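In the two complexes below, chain A is the common chain; its partner is chain B in one and chain C in the other.
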Partner chain A sequence: MSKILQKLKKTDFQTIFPFLGLIAVLIFFEVSTGGRLFTGKNLKAVLNDGLYIIIGATGYAFMFAMGILDFSIGANMAVSCAAACLAAKINPLLAIPAAILTGMILSGVLGLIHVKAHVDAFITTLAGQFIFNGLVLIVLNNSIQQAPLSMLKWFTLPLKLVILAGGLAVGYMAFEHCVYGKTCKLIGSCEEAARQTGINVGRYKMCGFLTMGAIAGLLGFISLIRTGTASSQTGSTLMMNVLNAALLGGLPMSGGPTTKFRGVIIGSLTMAFLTSGMTIMGYNVNTQQLVKGLIFLIAISISFDRKNMKVIK
Partner chain B sequence: MKRLTAVLLAGAVAVSQLAGCSSGSQSKTEKTTEKAAKENSESVAEGGTEASEAEKAADTKDSAETEKTADAGDGAKADEPAADVDLKEITIAIPMADTGMTFQNQMSYNMNNILGPAGNATFVYNQSTFDADGTMNFVESEIAAGVDGLMFVPPSDSVLPTVCSLCEEAEVYWAISMRTIEDEEIREMCENSPYYVGNCYEDEEETGRLVGEYLGKQGAKKIAIITTIKGDTTGEAREAGLAKACEEYGIEIVGEARGLTQASDVTNAVESFLSANAELDAVFCVGTTVTGVQEITVKAVQDSGRKGVQVVCVDHPDGITDLFESGTLTYSIGTPSFALDTYICAIKMVNAIQGYPISGEKEGKSSNFIAMAVVSNAEEAKVYEEASSNNEYTFFDEKEIKDLLRWNNPQLDESGLQSVLDNYEL
Partner chain C sequence: MGEQGLLLKTEEMYKSFGITKALKGVGIELRRGQILGLIGENGSGKSTLTSIVAAIQPADSGKMYLEGQPYEPSDTMEANEKGICMILQEKGTFDALTVAKNIFVGKENLFCKKGILDNRAMNRAAQEALDAVGADYIRASMPLGALNFEDRKLVEVARAMYMKPKILIVDETTTALSRNGRDILYEIMKKMKKEGKSVIFISHDIDELMEICDTLTILRDGVYIDTLEKEKFDAGMIRKLMVGREVAENYYRSDCESSKNKEVVLSMDHVSARELKDITFELHKGEILGFGGLADCGMHILGSVAFGNIEPDLGRVLAGDGSIIASPRDAMGRKIAYISKNRDQESLMVASSIRDNICCASYNKLSQGPFLWPKAQDAFVDRWAGELEIKMQGLYQYVMELSGGNKQKVALAKWLGFGADIFILDCPTRGIDIGVKSNIYALMEELRSQGKSIILISEELPEVIGMSDRTIILKDGRISGEFKREDGLTETLLIDYMV
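The block that comes next holds the complex of A and B.
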């Protein structure tokens, strides 16, 4: 008995909690829904909804690792989607570069303000969110824009799988096996130490912002070919879902070396199946928000590094 | 140990929350289902028929043969399906923002207690957001959840092709309420789908024109509007009608606020209209997603102390009598009940899924519109409010519902349903 207790003491619950959470969610809803969670139709719905979360959380991982919270991703996605829609009216093929470039430019501007003007990322991205929310109304001329109908055929299962697999593969390699990912973690662990070792911290942060922007743009494009619509409401729930997924996956808000890429996958799957399971069970949107909010609080209470966090004390 | 305790405690909270919500949700669903099942089993027992599981799972198209025998059911009780008609247990999903407004309570009351038992249908209400992504999530999630039909209010025509193909692939019936399909290409695409049931809408352009005409006859020359963002089919149609009246009566729109999402935005917009236009005659609430926009607008006008500025609106507000008695709200136009569009769609949906589409051989697709009701003084408002404030107001009683279900009333068709709507009064 004492050996078991000793083993339990040594167990890193911050590491295994996301796994346990995912397993608990899967078992709970598979049983509660009478086996409807893993039907083909539902897995398709989970893939469509989870695609945004997984790809978004992949970009967020690099920001998280550096201890940066980006609140502008949803609004950036909306502007990118609007730009893609306008470009698609000239030529549908222009939609992809238009979306990604727009996302990168917007995030790049925020990155510059953070790096060069030394404005806290929390403040910069929060302000960015408001600015982009206004910008999308201007770009869309305060209207809902419709994409060419031919583009709706692009949203196919193979495309989704390629984006998903490609995004995860590139994200995993860059995060766990490349200098870029390791440096991001080092910056999150101790920015000053990273600077003293000769790392150009500003450049890495800019890379993080540009990556995040490119991903927001990609998601804007995906949204456009999924819904055929660009509106100011596009991406309105993205930020919260991605943040929730990252935290449920055990990514520490304070960044640093404990940030693991597997957390992105686990957290995203947990969020996607949680949402799907609650929908199948007939929870209304308010109950879903209540449950998500509680789980968010629990996850953050467990994973939050209170000693190293600057924004929230 | 401290950490272990914290984890266990947190886990317990999460599990108990999930379990608590689950049981609550389940019990609610079970209650509705049990009630429907109970009434259905009673009616089945009375009718001397009992649908087997295999029959329940049969494709609705196969029930064309059964339709021929439906005549025998004419004159049966509402909860008593006609002899030889096996009604499947069906589930229909409806997006409904849970704001607690009376019209929503009325809608769910009528669906759960009258249409549901009569059509062997269970209604589930779920909605994320009314934007394009939210609509797509709703459609995909409900298809995955295994519903037989779904209906929604599309934010724009452009989401419909994807919805159409998803529903066709999953063999799920769908309908839209409160909207028409403006885009010709998209409408043709939807109407070619065997799973598109149709829509129920209001003549939005005429509505806008009537409000403008009223203002013109009142001598208004300068007005401000609170409306939707451009591209919203409802807002655009109302504005088009208003523009015609403005041209006819020489009315100038001197201010407009679009796409407002919060109550405070409405107040700010009205204050801006008033301060920028000393000769403003009226504020017209054309359309918005802000709950209670009419009340907020009236209050903002009254708080400003400005006299002679009237408020007119589309969609009758809660508390309409008080607003008319205040003298600020002078004209309101809307459906007899805001929920009636959706309820009519639900009736059409139940008919279609059970294999008896309203439009007969045309496999679904029927389009009905609801005539608008005008309230222009406190007396009319009082009459309207007495009916509309009742959460359990019955749109059609059991006898009337029976006549709107084609297995009971094979003579019912699109024009017959339209006739019912044309003569509808609260």
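The block that comes next holds the complex of A and C.
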């Protein structure tokens, strides 16, 4: 017994907190939905929600590691989805490149402003969010656009699984076992020292923005083939879900070396189960946003290590 | 020691930072009218102990008595009121405020009338405080940012002295001060002693401590070792107590011939950057080129410019093959390494692990395609951390937990592992204890004998004289003199070129 206690003491609270969070969410909803959480139908819904969150959070992890918060991804996804929808009306196959390119261009512009004009990433992406929200209304002509119905057939279980597994595998390898991920963490740890170690910080940040944009575009495309429509509401919950996933996964706000990829997975799963749990219980999207906002505040007050920040800065 | 004269006493003080135990049951005693020197290597717990006395941080356990009464201050304000003031090792001032506001920070109420601050009265009182410590040339109404580092320290001294402390704690302040600044501080200490007040003085400079202090208390690894009275002071003995073994008296180079190799590996061609003006010099293969001068003479900028980190306004930095160095990337391509004076902010990622810090410059070598496997990194760190004998609990320990000397070793290991041929070392032994200091000097000699070149930038003249093949002195951003090793350099000679 004492040995277990000793081990517990040694285990970092930050490491086990995400697991506890996930387990708490699972137990809470399993009980309060009367055991409906793990039915086949619901697991499908979890997969659908989880796909956005996990893939989104995977891209976000690299930004997070560098200490960049991107608030524009949801709005970017909406614009990309709208662009994909317009392209699909010409030829459905054009939807994929249209979505990804749009995402990359939007995110790339924000990245350039941040890297070249030295505008704080927080400000840049917040402004980006508003601009993209306006942009999507213009592109969609203030209405909801319908994609060719044939595209709905593309949204199959194998496709979902391939994207999920592929995204996770590439994300994990790049984050934990590649020079790229390692360097992102170093930049988040101390940007000036990274620069004086010969790291081209600007290029890495651009890379982060472009990847994030491509992923927002991909998610826009997935949303299109899932719902068959593009609207201004597309992706409206993505930002909060991904940010929450990262925080619930124990990723530090300040970025740096303690950012772990398993946190991305655990946090995303927590958010996916939370979302579908609340859906089963009959909460509408607005109530869900309210709850997620509260969780965000709680998670940030627990995970944001002020004492540590003081040591670093 | 009679209880009568006892002013401050600590008993069984313990303090840990995470897994690092900074203090392990330390007890010290301070009498009235005593200047007590605290000495020990980095990480010995001197600063931790004194900052607990000054209530900057709480102890984990232990008791303190001030004039026989239990002393449990809750914050620095309370410590100040009880007559304990501390001048910190690191900068403790606000650049954007005026000198006067810095002196009275937290005490603005003294000059408030119905909620309105009387700036004029505050400036007057601040000027008096500055005059009182002999820094009358500093004007109280000036913004602090306009002062140089030394004068800022004196402002801190004035701030502490305004409180008329019974105990003044001076933490390694003198390393930042010139002779003039030191004299001001020594005068204050002597005056306090005369008035029956006490001083706790922390310094790495044994000669300075032996001259100023009445008593020396030696700490090692958070443990109280011994206390010596003035008549028993002996530099060799003190060193031995600090390190726990015999230390050679002289750790600089013993030869007096400069390197004769004329192959140029790095040069500056009429470079001007920030306060640097028209600098031209050549660094040769296999030599140690020393740069000396006052703290703000521009030599620290020079190191940064040579590494391509600061772009010159005019002129060029050239590698041996004539290619221009305009970024750290360029410099590293020419196998140039740089350790900044601000090591913890610029040369190390203190929030990252030892492993990441040592490997980060060598990912090109360690990776297989885009992949970076743990095995290659671990072996690399094992080798270089072993080579430099870094004291650590494991590869994954955070660099911020290490002592100054071991941090510097990590920075050196990173560049040795990288395979640098040219080392630009800015104050490589600043704030580092003698044990590691002599390691670093030995390493520099070894690198030199391997044909590598070193630019040594230092505010400590003995170090520059002791290690360099050639010495260049800067004054107000310009080169004011160049000397060879065999010229028989002395500090007095060089100081004439510095001021």
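Keep in mind that, in the parts below, the second predicted complex is superposed on the first by the 285 of 313 C-alpha atoms of A that agree within 3 Å, B and C clash if a C-alpha of one lies under 4 Å from a C-alpha of the other, contacts with A are read in each partner's own complex, and residues count from 1 in each chain.
Following the convention adopted for this analysis, contacts are C-beta pairs under 8 Å (C-beta built on N, C-alpha and C of every residue); 3 or more make two chains touch, one makes a residue touch a chain.
All figures in this text were calculated on a predicted structure; none of them were measured in a lab.
Undergrad: After aligning the two structures on chain A, examine chain B and chain C and state clash or fit.
TA: Chain B and chain C fit side by side in the superposed model.
Undergrad: Can you report the vertex angle at chain A, computed from the C-alpha centres of the three chains with chain B and chain C as the arms, to the nearest 10 degrees?
TA: Given the fit on chain A C-alpha atoms, the answer is 140 degrees.
Undergrad: Applying the touch criterion given at the start, work out whether A:Thr183 contacts chain B, chain C, both or neither, answering first, second, both or neither.
TA: Touch status of A:Thr183: second partner only.
Undergrad: If you stack the two complexes on chain A, which partner ends up touching A:Gly128: first (chain B), second (chain C), both, or neither?
TA: Once the two structures are laid over each other on A, A:Gly128 reaches no partner at all.
Undergrad: Which partner does A:Asn48 reach: the first (chain B), the second (chain C), both, or neither?
TA: In the superposition, A:Asn48 touches chain B alone.
Undergrad: For A:Asn141, using the defined touch cut-off, is the partner it touches chain B, chain C, both, or neither? Pick first, second, both or neither.
TA: First partner only, chain B.
Undergrad: Decide which partner touches more residues of chain A, taking chain B and chain C as the two options.
TA: Touched residues of chain A are more numerous for B.
Undergrad: Touch test for A:Gln233: chain B only (first), chain C only (second), both, or neither?
TA: first
Undergrad: Just to be sure I read the superposition right, which of the two partners does A:Gly213 touch: chain B = first, chain C = second, or both, or neither?
TA: neither
Undergrad: Can A:Gly263 be said to touch chain B (first), chain C (second), both, or neither?
TA: It touches nothing on chain B or chain C.
Undergrad: Considering only touches as defined above, state whether A:Gly59 meets chain B (first), chain C (second), both or neither.
TA: In the superposition, A:Gly59 contacts neither chain B nor chain C.
Undergrad: In whole Å, what is the nearest CA distance you get between chain B and chain C after the fit?
TA: Closest C-alpha pair between chain B and chain C: 12 Å.
Undergrad: Which residues of chain A are in contact with chain B in one complex and with chain C in the other?
TA: The answer is that chain A has no such residue.
Undergrad: Where on chain A is chain B touching in the complex?
TA: Of all residues in chain A, those touching chain B are 8-9, 13, 17, 20, 24, 28, 32, 36, 39, 41-42, 44-46, 48-49, 137, 140-147, 149, 152, 155, 223, 226-229, 231-237, 275-276, 278-287, 290-291, 294-295, 298, 301-302.
Undergrad: Which residues of chain B touch chain A in their complex?
TA: For this pair, the touching residues of chain B are 1, 3-4, 6-7, 10-11, 13-15, 17-18, 21-22, 24-26, 28-29, 98, 124-137, 140-146, 155-159, 161-162, 170, 183, 185-186, 229-232, 258-259.
Undergrad: Chain A touches which residues of chain C in the complex?
TA: Per the stated touch rule, the residues are 307, 309, 328-329, 331-332, 338, 340, 345-353, 356, 360-361, 363, 367, 370-374, 400, 414.
Undergrad: Inside the complex, what are the residues of chain A that reach chain C?
TA: It comes out as residues 173-174, 177-180, 182-183, 185-186, 189-190, 192-200, 256-257, 308, 311-312.
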